[in-house]
Every structure is written in structure tokens, then in C-alpha cells.
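One chain, subunit A, links the two complexes that follow: it is found with subunit B in the first and with subunit C in the second.
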Partner chain A sequence: MRRREGGVIKLLFDIIGYYFIITGSILCLISALAMIRFPDFYTRLHASSKTLTGGTISILIGIMIFKWELFITLRLLLLIAFLIITNPVTAHAIAKVAYGIGVKPRNIVRDELSEKEER
Partner chain B sequence: MIESLIVVIVISILITAYRVVKGPTVFDRIVAADSIGIMFLLILVLLSLYYERYIFIDVALVFGVLLFIDVLVMAKYFGEKKGGGGH
Partner chain C sequence: MKKIKDLLEMSPVGHPEDLFTILLLFTTWIISSGDFSPSSLVLGLFISFLAVFIMHSYFTRELSKKITVHFLAFFWYLIVLAKEALIASYIVAYLTVHPKLPFKSSILKVPTNLEDENKLVTMTILANTITLTPGTLTVDLDVENKFFYIHCLDHIEDSDRDHLREELFGDLERAIRRVFR
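On to the complex of A and B.
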């Protein structure tokens, strides 16, 4: 944290890093509020998938800018790539399994997936 | 500064744990547990910044891999339980 000596550049990097970290923690709090406020399983899955992925990537980018060292940046890039790949995969798998077992969305107007399976 | 952000994420974990306890279906509980795992991963990375000890980022990588396998195995198990497709 104290390895860079340049005054203005260090201050600028700190401000950008804190901006990303604060944005990410606010997105995490919004995701947690959405988990108790949303009425349905699929809307909760939506909040948990999108908002939490965005908050996680924002916090990791903030730490990457805050600590500007090579190996920490490489590890955090690996973590970001892994989260981008795996988080939509788990959301898709859980949504497909939940639809197959019979969890219906609330206030559904038209169920196009069941019409496609009947055909 | 980092401490207050860790406190914000811990509050998020406590709010999400309500959905783990009181979920209508089992998939709500799986999704909420997945969210708690990702927030715990964030706490590990922030603690590595707070303590200046960067082995925690490697722990976070392994934790992410375990979380992915965990959720996929739970989804496959609870999907096969009621369908009865495979004889």
C-alpha cells in the first residue's frame, strides 16, 4: 500500500480504487436486499446472478487498481475470469432444474417452454 | 475504510441468511447459499488487503472452484430426486 512514492499518481489510484470498491459493496448490499424483497424464485435468481457478479467484479477491479503489483493483478484477473465463466453456468443449471421439477413463476402470463415441449 | 466495507458485506451476508432459513423451495436455499459463498470470497480478498497477506487470494481461488462444483452437484441431485427419468 505504501510502496509507490509518487504523490499525485498514488492519490489518483487510491481514489479510483476506493470508487470501485465502494460501488461493489453497495451492489452486494442491493443484492442482499433483493434476496429478501423479491417475490419469486426466478427474480431472486436474477438478482443473485447479475447484481452479485457485478459487485464482485467491481470489488476485484478496485483492489487490482488499489494494489498495483504484478502477481496480485494476475491472480485477481484469474479470479475475475473464473467468476465470469462459472456464475452464469450455475444460474442456468439451477433455473433449468427448478423449471423441470415444477417451480412456476408467479403471475405468469404465457408459458412458452411448456408449449414447446408439448409439440 | 476497508473495515467498514467488510462490515457492509457481513451485513449483506446476515440479510441473505434469512432467505437460507426461510426459503419456500429448496432452490431458494441453494441460490442464497451460493450468494453467501461469493460474499465470503469477497471478504477473503478484502482481508488479504487489510492484513497485507496475499495467501488469502489463493484461498479465495480454491474456494471459488469448490463453490462452483458444490452448486452444480446440488442442482443435479435435487433435479433427479423427483423426476425419475433414469431407471
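On to the complex of A and C.
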């Protein structure tokens, strides 16, 4: 599984690894930018749950391509799995509690959850 | 005397399916330690047993049983999920850097057609999965009638709810049904 030293293949792996790491860092930066630019609470939660997860996954995939060894790859896969499982749970919990205590979404087209609350 | 009996009823011995949870925890231990010496393996087995002894429920039992039995289907589900998360992050990043912020958000009520069996477990997983797909965030759910209340970043105008469901999470729902069949 170990890649050859030198040559075209190493260059190719390096380019792909750099691509993933750089795009991952940019995505993390954009998620910080979204905290300032988005209009209300729920849309900011979108940014924090999705862009951050995508950026971190991208960086971890980049490291996996750089260090092509069995146990490091397995460990990084485990990290990705935990990240995918836990991040949406926190986002969902925060959204539900926020709606419960009355944080109203701004600029909204249609709100079908409010019909449920009235019943 | 009664206390000891209660403790025994709580123990993993009462539920043979807890062995699946121990197996999963032990695999996680081996991967994260990367060490095959006997002392490490015995310690890992002890710790995973202790963790299951302290904390176990219907949810963990059912989930780890299904994951162990349908391992390949679960792996496929993780791959689909990672792909969706990457695409979603690119879409949200595009909306962020767009100078006019071209979206209108809405909260929609979307039905699902998961099976009634293990409804709580599958709905929990699907609700957390939806949060990772592009432009959607689960705010609340109605377990009795199997409805999700989804906050859409970009409003989709569609009167046919089944078509909307197919568009939002059709692939993921199929992957979850394959794991829990």
C-alpha cells in the first residue's frame, strides 16, 4: 500500500492532497464569514453544521492521501465517522431548543411548524 | 438483597444483543490504539465491557446489532453521507460568498415512508442525516405520524409532498432502509 518514492505518482498524490487541505481551510474560513453575513439564527446554524463538517472532512481526507499507511487511514476514517455522527446531533438539539424558547426565524417564506404549535 | 437482583437485571447478561455493542467498542479500541499486544487487548476488552455495563439502552442494542449484521450497507451509507456533506458545504459556501445572499428560508413539513418497526431509531438517524444534506436542517419531528419539520435554507416551491421528499432525501432514506431492513 506504500506509494513509490519520487516520480509522477508522488507528484499526483501531493497535488490531490494539497487540493483537499487548501479547500478545507477555505471552507472553514467561509463558515466563520457566514456567522457575520447570514441574517438570522437558523441560517447561521446551517453554516456551522454543514460548512464546518465539510471543511474538516476535506482536511482529514487530505492528510489521509499524504500519509498513506493502513492504521493512520483507519484512524482518520474513524474520526470522520464520529464527526459525521456527532455534529448534526448538536445542530438539531440547538435548533429545537431555540424554537421552543421562541427564537423566531427572520425573513421567512412559510412556517409550517407554527401550525403544529397552535394545535 | 433486592438491590443486587436489580443490578443483575440491568447487567448486559440479561440482553445477549449487548455483545454486538461490546464488539463495536472493542474494534474502535483496536483501531485507535493500533497495538496488538495481549495487555492492550485485555484492557480494551475490559473497558468496553465496563462501558456497556454502565450505559446501555434499547437504542444502542438495536443500532449496534443492525450495524454489525449489515456492515457493508452501513459502510455504503457512510460514504453517501460523506459525499452529501461535502456537496452541502460547497453549496452553503457559495451562498455565503455571493454578494446579495440570494435565498429565502422556510420551514416545511415533509412526510417519510420508513417502516413502523424500530421507528424511533430510524427516525433519529434520518433526522440527523437530513441536517447534513444541502440546505436542510431538522428543527422538530412528529413521531406519531412520521413527519419532519425541516428548515430549508433556500425555499423550494412544491405542492406535491412526495416529490419534495424524493428531492430532499430520497437516496439517504433508501440507504437507511437497507441498513435496517
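By our rule, the second predicted complex is superposed on the first by the 112 of 119 C-alpha atoms of A that agree within 3 Å, B and C clash if a C-alpha of one lies under 4 Å from a C-alpha of the other, contacts with A are read in each partner's own complex, and residues count from 1 in each chain.
Here, a contact is a pair of C-beta atoms (placed from the backbone, for glycine too) under 8 Å apart; a residue touches a chain by one contact, two chains touch by 3 or more.
From a predicted model like this one, the values you see are computed outputs, not experimental measurements.
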item	value
Subunit B versus subunit C as contact partner of A:Leu33, first or second or both or neither	both
First (subunit B), second (subunit C), both or neither touched by A:Val97	first
First (subunit B), second (subunit C), both or neither touched by A:Ala81	second
Partner chain in contact with A:Lys50 - subunit B first, subunit C second, else both or neither	second
Partner chain in contact with A:Ile63 - subunit B first, subunit C second, else both or neither	first
Partner chain(s) touched by A:Ile9 [first = subunit B, second = subunit C, both, neither]	neither
Intersection of subunit A interface sets (partners subunit B, subunit C)	26, 31, 33, 45, 52, 55, 71, 75, 78, 87, 89
Of all residues in subunit B, those that touch subunit A in their complex	1, 5, 8-9, 11-13, 15-16, 18-19, 24-25, 27-28, 30-32, 34-35, 38-39, 41-42, 45-46, 49, 52, 54, 57-58, 60-61, 64-65, 68, 71-72, 75-76, 78-79, 82-83
Residue numbers on subunit C that touch subunit A, as the complex places them	28, 31-32, 34, 78, 81-82, 85-86, 88-90, 92-93, 96-97, 101, 103-109, 127-129, 131-132, 134-135, 137-140, 142, 149, 151, 153, 155
Subunit B partner contacts - residues on subunit A that touch it in the complex	1, 18, 21-22, 24-26, 28-29, 31-33, 35-36, 41, 44-45, 48, 52, 55-56, 59-60, 63, 66-67, 71-72, 75-76, 78-79, 82-83, 86-87, 89-90, 93-94, 97-98, 100-103
Contact set on subunit A toward subunit C in their complex	26-27, 30-31, 33-34, 37-40, 42-43, 45-47, 49-55, 57-58, 71, 74-75, 78, 80-81, 84-85, 87-89, 91-92, 95-96, 99, 105, 107-114, 116
